[in-house]
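In what comes next, chain A is part of two complexes: it sits with chain B in the first one and with chain C in the second one.
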Partner chain A sequence: MDIIESKSWVEWLITIAKFAFCFVPVLYILLLIPMERRGAGFMQDRQGPNRSYIKIPYFGKIRLLGYVQNMCDGAKLFFKEMFAPKGVSKFLYYVAPAIPFAIIFISPCVIPWFGPMVFEWGGKAVTISGAILDSEVGILLLFGFSSLSAYGAVLAGWASKSKYSYLGSLRTTAMTVSYEVCQGISMMGLLVLAGSFSLTDIVSWQEQHVWGIVAQPVAFFCFLIATIAETGRAPFDVAEGDPELVAGFHTEYGAMHFGMFYMGEYAHICIASFLVATLFLGGYSVPFVTTETMQAHMGGSLAILCGVLAFLFLAFLHMMHRYSKKLLASKQSNKMVILQEYKLYKIVGWLAVAVFVAAGVCSWMFYNPVQTVVDGVLTNTLGAALGTALIHLLVLVVKSVFFCWVWIWVRWTLPRFRYDHIMNLGWKIILNIALVNLVVTAVVAKLLGGN
Partner chain B sequence: MLALIYFIILGVIAVGSALCVLLSKHPLYGALSLVVSMLSLAGIYGLLGSPFIGVVQIMVYAGAIIMLLTFVIMVLNAGRDSKTPRFDKVSLFVIPAAIVLAGLVGFVMVRSGIAFDATTLRGSVKLTSETLFNTAQEGPGYFVLFEVIGLLLLSSMGAAVLMAKKRLGTDNEEEK
Partner chain C sequence: MARVIKQKPMTIIERLYIFEAMRGLWTTLKHAARGLFRYEQLPTISYPEGQPEINNGYRAKHRLMLRPDGTPRCVACGMCAAACPAHCIFIEATQSDDPRIEKRVMRFDIDHLVCVFCGLCAEACPVDALRMDTKKIVFEHRTREEFVAHLSDLIDWDPKDYPEDAQSQMAPGGTKNAEARKVWGMEVK
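After this line comes the complex of A and B, so read on.
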């Protein structure tokens, strides 16, 4: 078998292991649902749902900062009976929720999760790209999938045979088609600068020059607005606006059918925030530090990473300490139960701090991989390459989580737009700004002697 | 070998869903089969070494045009659609035309032995853009056609807007 022998086993292992990134959006659902609920609570000056608990014998109740509530809701959705109302067209009714949910598994395949790994193995220089599928048309593929996921909403609305669902799906169609245009054109300026459709090339261009948000500030805002509209969230959620349409296209759905739409929406936010971070915030690149510097001082970089993580846990511990102090002074009846729970978090937090500090010191003192030149390419050891990939991945995750927060922030801050306002905003304002931006970018790039 | 297996799978899906377009009773199911057919066609383009064309197929046809088509199907004559007969007088012309076309294409394909080689890149982004925008004097001059088509589309869009505007002049509430 020529194909199998063309790569060494380490290359195959990493190539196959990269497919695990397909599940990142699903993991983000687990992150985003509590983030949205507690975030909404934070915005509205209340606690958010955090009352459910797991009782552990001899210890007490733990609520995992409200996470148990989400597990309960998930379990409820999962075990509910699935039903179809009378008169729906059965096939499409059952297929529709699966479309957006299936697409979230194939969308992450073109996002570069880390920089190209270059390492030495068996006397040869090995290069592995950071995306599962390093295609030269990466970004277009992502847009294609994103536009396909709207079929879920459209078919659900039609198959439900209900007026509300139907109106919701009509609105979804119109909004998706119009905002896709804005999204595509506002991103074109950056593509002109980077001179490629490949997301890996776009990120490496940003790494060498400036971040997209500095080069294309106008395009960034147009793109962000169009992407929020594309995910169909407030203030653009006319497709499921509850004062007008009950719940829009998923009015007739219950149990896990509804759950799939719900998860599809959150996963769509995840992919969109990864896309914004990759296009405009430098993707996996670490600010102010080039990958070469990082690889030359691998032990120090890993030590800094461990330090940052330890600092985050210290901040968490400080938060716990403040909460406990406030709780002790209050007259809440169940305060001893909660304090018992906080004790557990404090133990975990201190353990994590100790582990990260120890790991950081060890990597700083003892980990100093050498770089070798193989076949005229500067390569690292496998460990250093994996370390770089880890740092890149964590940086990308931080950037995307920030944008996930922007989604929640916008949703709970702005009021919902009226339908015709949305259409006006899309076609008459954002599209024109994006077009002007594209023309100006192209002219300036040509005059300054770009590609 | 692997590419051939993929090709056969995608080809069967493409032909099967294209038949479904003809045979499905409700136009919406027809449009959906068309989407499936286009997606598998995009896969075949990718196999043939032109990923750009394949992705544009997904983005433009499957994502946008058929989406608008389903929009139109859903809005217009929703009640009448489920009673449309599968064959009517128009079929007398359509079916022979389809059969003759299939025969012609099959004949051509059998006569010219197509070498299926998945490794050559026929339509990469670079190749497409270089061919399309080759402004050299002795070049193929496709860019002129490109500009003309752009103008044509712009004028047709203007005409459509004008026609819609005339009808909207009397009734501002209806924005469809």
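After this line comes the complex of A and C, so read on.
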């Protein structure tokens, strides 16, 4: 019972609520699939999948800007029959897709989602870490988890008794191993500077000094390339290189088995982008503003946040308006149906703008929490601490979405490398650059008398 | 005689790959930004609901021009069938009721499953009877037989759809039909 009584109920509530962050990669899958498909369309001057619709009685058809297509595809995958080809190793065949999918729930544990919350409760200063598991070796744990997902590909290739799958999994193994080395070494320079393996410490170092991308630009590029290779995405997707290997390690999989590989891949991108954002883009820290300044002017910070959101909705409304005008002038026979749907979006958009503007003005005018010193620590009220956490979380999400976009962007731009080119790049170029970078960083850090 | 094309050797910047990759990324970024922020400027036509604009010179489904009295202009000479590279035009002639004209067409079938839309038939026609300016580009039927356009189908067009074409306006229902009928001079039963 001591352990329960050691924390107040608010602390317990927040600590348990933090476990919801385990589902962030799953939510990112929902975001990434339309982003990938429509983004690919836009890059190729297409519209991307946008034709599926839901029929709403007394209203019309809604397409949710093409999102319904993804729901349809998901439903199709979900209800397809799961089958195994003859002669597969049954147990491993069925277990393999679960491995990358299971890892997406473990990996988010060590990522700091917001800065340590410091607030006053019951006359005491309470500190809650931003990560679910604030480990001293957080980054190593994260690397361990994310390299585990290669086992899914390896087992799938081995178990499915197909030479294409087997070749694909061989390539995955070799590539993952070699790029893990590059990834680890290119990151070490930053760890030398921050002097810690804990992700929270790395982020707070970046908050106090400069972002990792400024301190370690070379390492950033090496790390980004190595991470793209490690997620097995184009241009490094030799493991499922379709012209050579049908579909690589998941050739023999269909239905939700394939779906789990698919989701595992996207979740891996999500985790990797969070990692890049945390290591090199200052994680949850807001650019040019320290957390202390933000907490001292909580109402103003929230007002700015609301203003940004309202602006985004206004931009959305403007695009809607322009597109509706063009559509109304066209001769398209279903234009009234689409315009009906857009009317709904316009209503939602204007409501959101009104709500955000009102909330922003209110917080600007009336929300002015006081900071108090409890036990020698400068603490905030619970509301201000939650507001800080919210802003931090949104900033981290924006950064990671940007990196998710980088993954998609690179995939639809660069052609696939040949396998020996990948090995060349990994072992002979990136590894050497990363090593030189590490040595230079260590020497400079020692000379300047850092950590 | 084989021709050897000399390829320019790559410069050092190009061989580094990373800068060229950046250039490519910039290009795709521009296209993606257009799709996202200028969605209405995408060249895609959402097809069955939106139809493409068709030029006047486009070789679409055929039609047979009409005399002022409403009979097809075709004199069943068979030049179009002879010119057709796909052999998809089938013509049978019969005696014309009009004493000024020797033959009239009894059967005029165009098999649109075989037709290659080359336009040679319209070129070959000596009396400007066969044209391909209907702008009908959709051929959707259930059976093979329905793809064969018969005479009744080919002469079934409305002069209102061709407001700028003087020849079409001389057909029954057109604006110049009355005067053209006077010039033509004769009622044919």
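Going forward, the second predicted complex is superposed on the first by the 451 of 451 C-alpha atoms of A that agree within 3 Å, B and C clash if a C-alpha of one lies under 4 Å from a C-alpha of the other, contacts with A are read in each partner's own complex, and residues count from 1 in each chain.
Going forward, a contact is a pair of C-beta atoms (placed from the backbone, for glycine too) under 8 Å apart; a residue touches a chain by one contact, two chains touch by 3 or more.
Everything numeric here is computed off the predicted structure, so don't read it as measured data.
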{"item": "Clash or fit, chain B versus chain C on superposed chain A", "value": "fit"}
{"item": "Which superposed partner A:A255 touches (first chain B, second chain C, both, neither)", "value": "neither"}
{"item": "Which superposed partner A:S330 touches (first chain B, second chain C, both, neither)", "value": "second"}
{"item": "Contacts of A:V348 with chain B and chain C, given as first, second, both or neither", "value": "neither"}
{"item": "Partner chain(s) touched by A:T413 [first = chain B, second = chain C, both, neither]", "value": "second"}
{"item": "Minimum distance between Cα atoms of chain B and chain C in the superposition (Å)", "value": "24"}
{"item": "Those residues of chain A which chain B touches in one complex and chain C touches in the other", "value": "none"}
{"item": "Interface residues, chain C side, partner chain A - complex", "value": "21, 24-25, 27-29, 31-32, 34-37, 39-40, 42-44, 46, 49-51"}
{"item": "Complex contact set, residues of chain A against chain C", "value": "38-39, 41-48, 51, 319, 322-323, 326-327, 330-335, 409-410, 412-414"}
{"item": "Chain A-touching residues of chain B, taken from the complex the two chains share", "value": "2, 28, 32, 35, 51-52, 55-56, 58-59, 62-64, 67-68, 70-71, 74-75, 124-125, 175"}
{"item": "Partner chain B, residues of chain A touching it in the complex", "value": "3, 135-137, 140-141, 143-145, 147-148, 150-151, 154-155, 158, 166, 169-170, 173-174, 176-177, 180, 196-197, 420, 423"}
